[in-house]
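Across the two complexes that follow, subunit A remains constant while its partner is subunit B and subsequently subunit C.
On to the complex of A and B.
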């Protein structure tokens, strides 16, 4: 029915099957939208946030999707600025994932601010001493950049591309994409960093507070570094899931291996820096404020397991797998590595948002644990459903994977064996 | 916020923060304007009409 919209030469599932798939994700999406409307109409009393938890599940989700969406800016940086041309085969997918992550982050923020109609205040009445202002500026601008990077792909839809103006627009946008990619990398560096900076400057929260360079705490650099390192893991992780669901090979192994290798080295260098930062913080920074290392992990829920999970399981292990040729070229270990990487950076963002809030800072305080309300969970799951729908629509109707046709072409039939003449060639004239 | 707004102060913080925002928005705006205008000119010259 909709086959005229498919990219040239590809096969897609029947419309009814696609509609069922979208419908299933749509139900989850509607659940999230219902919870979102409750938050907007009834207010933030729908959440379990309180005086201890001004930042909660939403801010963790925000920070996590922004880190995971870092694959878009870093892949763009490698492709357009460093010149890793091989990555052109995966850049479209990375941009879509980035677009989904950043639009989700903005959506979650729109719920979290409670009064979305006043969101423009941060631009017009900007507090120029706040790292969050920088985050808001860079996030909005980078989302505009991601939209610009996504637009040519939409314009390349088989039917839209027939309109000469759209064809030319798409062509022109491709021509100067390096300018947009450079702008995106610049914006990402600062907002990823400032998200870490927000935690690092909290001198009243000894779990988060760090020293640093000039006005930037070490967390500023670690957040940018980790987003660039783990973002490509998320791109590869989703690519592998997409390949599993569609039962197709969508990107060449060499491209995936290259991205995995770069990601592996980025993770390794990051996790060494993170380990050094943790040791210095636990042995110098925290004791100087009167805290011992054991104090931060002295809880049944927030125990030392979080630190091990973040640094060893979600850091060193994926790094070592990805930098080894054998590790990244084996489909199972590659998948395990990118999955652990995704979990590792998500745990990092979790502890830097929620464990920070849980730890007692006053003599009369105790550990404050927090359980999100169902409305918070539903609005956090909403972006997942939205992401599934957008990836599905993009895969079905847009030429996301340039090598798809070639990688899934039926094997060429073996050349027919030449028929051996029954009689020797030299005898043939005599027969005739 | 613009320099003519009542909240504006001529200090480094305002210049860096707001300057950075306008800088990014200017690049995005000029880049897109260039693409759209060039696409309109190309289309009027008949480019891209017979690419199928």
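On to the complex of A and C.
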């Protein structure tokens, strides 16, 4: 029924099947929308947040999706600025994931603030000393950049592309995409960093506070670094899930391996820096204010396991798998590595928000634990459903994967083995 | 630090040995500042109490058991040159540090409820309006016209009864005076305390009682010279303007972990 809208030469599931799939995600989306409306109409008393947990599940979700959406800016940086041309095969997908992540973050923020209609005050009455101000400016600008990066892909829809104006617009936008990629990388460096700064500048919260360079705490650099490192993991993770669901190969292995290798080295260097930061913080920064290392993890829930899970399980292990040729070329270990990476960076964002709130700072205070209300959970699941719908629509109607047709063509002669992308492109054997 | 004669630094000294934990300061504060309340206030983590009295025990059994009640208003931290923990983080400049009074203000109509200031405040002195204020029938008539009630979705906190400062300033200007007398500007909690445990005044004025009690050292972030005076979490660099005094060593040890060892040691005090 809608086959005229499909990209040229690809196969898609029947309309009824697609409608059922979208319908299922739509039900979850509506559940989230209902919870969102409750929060807007009745207020944040619909949540389990309280005066000890001013920041909770939503701020974690914001930080996590922005870190995971970092695949867009970093892949764009590698493709357009570093010149890793191979990544053109995955850049569209990375941009869509980034667009979903950033639009989700903005939506969650709009639910999270007590007076959403006053949100513009952050721009009008901007406090230049606040990390959150910089986050708001850069986040909004970068979302505009992502929209511009997403637009040419939408214009490449088979029917839209028939209109000469849109065809030319799309072509010309592609021509100048390096400018937007550079802008995106610049903006991302600052807002990812500022999100780290949000926690790092809290000198009243010894678990979060870090020293740093000039006005930037070390968390500023660590957050940017980790977003660049783990963002591609999330792109690969979602690609593999999409391939599983569609039962198709969508991106060349060589492209995935290249991105995985870069991600692995980024994770390894990041996690070494993070380990150094943790050691310095626990042995110098915190004790200087009267807090011992053991105190921060002296709780049945927030125990040392979180630190091990973040640094070892979600850091060193995926890094070592991804930097090893065998590790990244084995589909199972590759998937395990990117999954652990996604979990690792999510745990980092979790502790930098939730554990900060949980730890008693006043000597007579006690640990504060929290669990989210269903409204918080539903509004956090909402972006997942929205993401599924947007990826599904994009996959069905837009030429997201430039190699899809050739990768899924009926087998002819046996394909030559793939090679690592550091071999010059001309020397690489043609794909089947 | 050079002291400007016109620059005030209003602060408080609370004598923990005098405080009986009666809660009069909390009640006076709520009435004075139109602080909203709920039918069920048992959950102290979503109830608004600008002045909150904590109970601290020495953890011993009879006959050595001892209790200390600790009233905790907003500390009006100065931080480093006015960069108090909450002021520096507010993205919309909805909270401000006044160099004229040393008071950290909250602009309710500008706050958009991001709650970053609450995350930044280690004293939990900032409260969010999770609900719209609902006053029992007829109680609207008893609200103070000098303090604007707050709506749902914004943060509020102790202002050291700043409206009283404004009224006193207006009176002084009308009478052709530049300065306020010590007793002209006193917050509601200070006046309500039956034990006289709370003293309030200008820490820049050597004649004021607060200054005489704690002997703040302007060259060392106003740390009190008095041996029995301390500030909560002073070691974090918040530079608060609320001082506590106690003759009891276990109290000072339990509340000032920096000078008495680790946090864990203080908790076990």
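In the analysis below, the second predicted complex is superposed on the first by the 412 of 432 C-alpha atoms of A that agree within 3 Å, B and C clash if a C-alpha of one lies under 4 Å from a C-alpha of the other, contacts with A are read in each partner's own complex, and residues count from 1 in each chain.
The rule is simple: a residue touches a chain if its C-beta (ideal position, glycine included) is under 8 Å from a C-beta of that chain, and two chains touch if they have at least 3 such contacts.
Please read all numbers here as calculations on a predicted model, not as lab measurements.
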Once the structures are superposed on A, label A:129 by its partner contacts, choosing first (subunit B), second (subunit C), both or neither.
both
For A:279, is the partner it touches subunit B (first), subunit C (second), both, or none of the two (neither)?
neither
Per residue count on subunit A, the busier partner among subunit B and subunit C is C
Which of the two partners, first being subunit B and second being subunit C, lies in contact with A:308: first, second, both, or neither?
neither
Tell me the contact category for A:393 with respect to subunit B and subunit C: first, second, both or neither.
neither
Which of the two partners, first being subunit B and second being subunit C, lies in contact with A:44: first, second, both, or neither?
second
Can A:55 be said to touch subunit B (first), subunit C (second), both, or neither?
second
After lining up the shared chain so the two structures overlap, which partner does A:24 touch, if you call subunit B first and subunit C second: first, second, both or neither?
neither
What is the contact status of A:173 with respect to subunit B (first) and subunit C (second): first, second, both, or neither?
first
Taking the superposition as given, does A:82 touch the first partner, subunit B, the second, subunit C, both, or neither?
neither
Enumerate the residues of subunit A that count as touching subunit B in its complex and touching subunit C in the other.
124-126, 129, 133
What part of subunit B is in contact with subunit A in the complex they form?
1, 5, 7, 13-14, 16-18, 20-21, 24-25, 27-28, 31-32, 34-36, 38-40, 42-43, 46-49, 51-52
Show which residues of subunit A lie in contact with subunit B when the two form their complex.
123-126, 128-129, 133-134, 137-138, 141, 144-145, 148, 162, 164-169, 171-173, 176, 179-180, 183, 186-187, 190
Interface with subunit C, subunit A side, in the complex: residues 43-45, 49-55, 112-116, 118-119, 121-122, 124-127, 129-133, 136, 198, 201-206, 287-292, 294-295, 298, 356-357, 361-365, 368
Where on subunit C does subunit A make contact in their complex?
43, 45-46, 54, 56, 70, 79, 83, 85, 88-94, 110-116, 118-124, 126-132, 151-155, 232-233, 235-238, 254-258, 261-264, 266-267
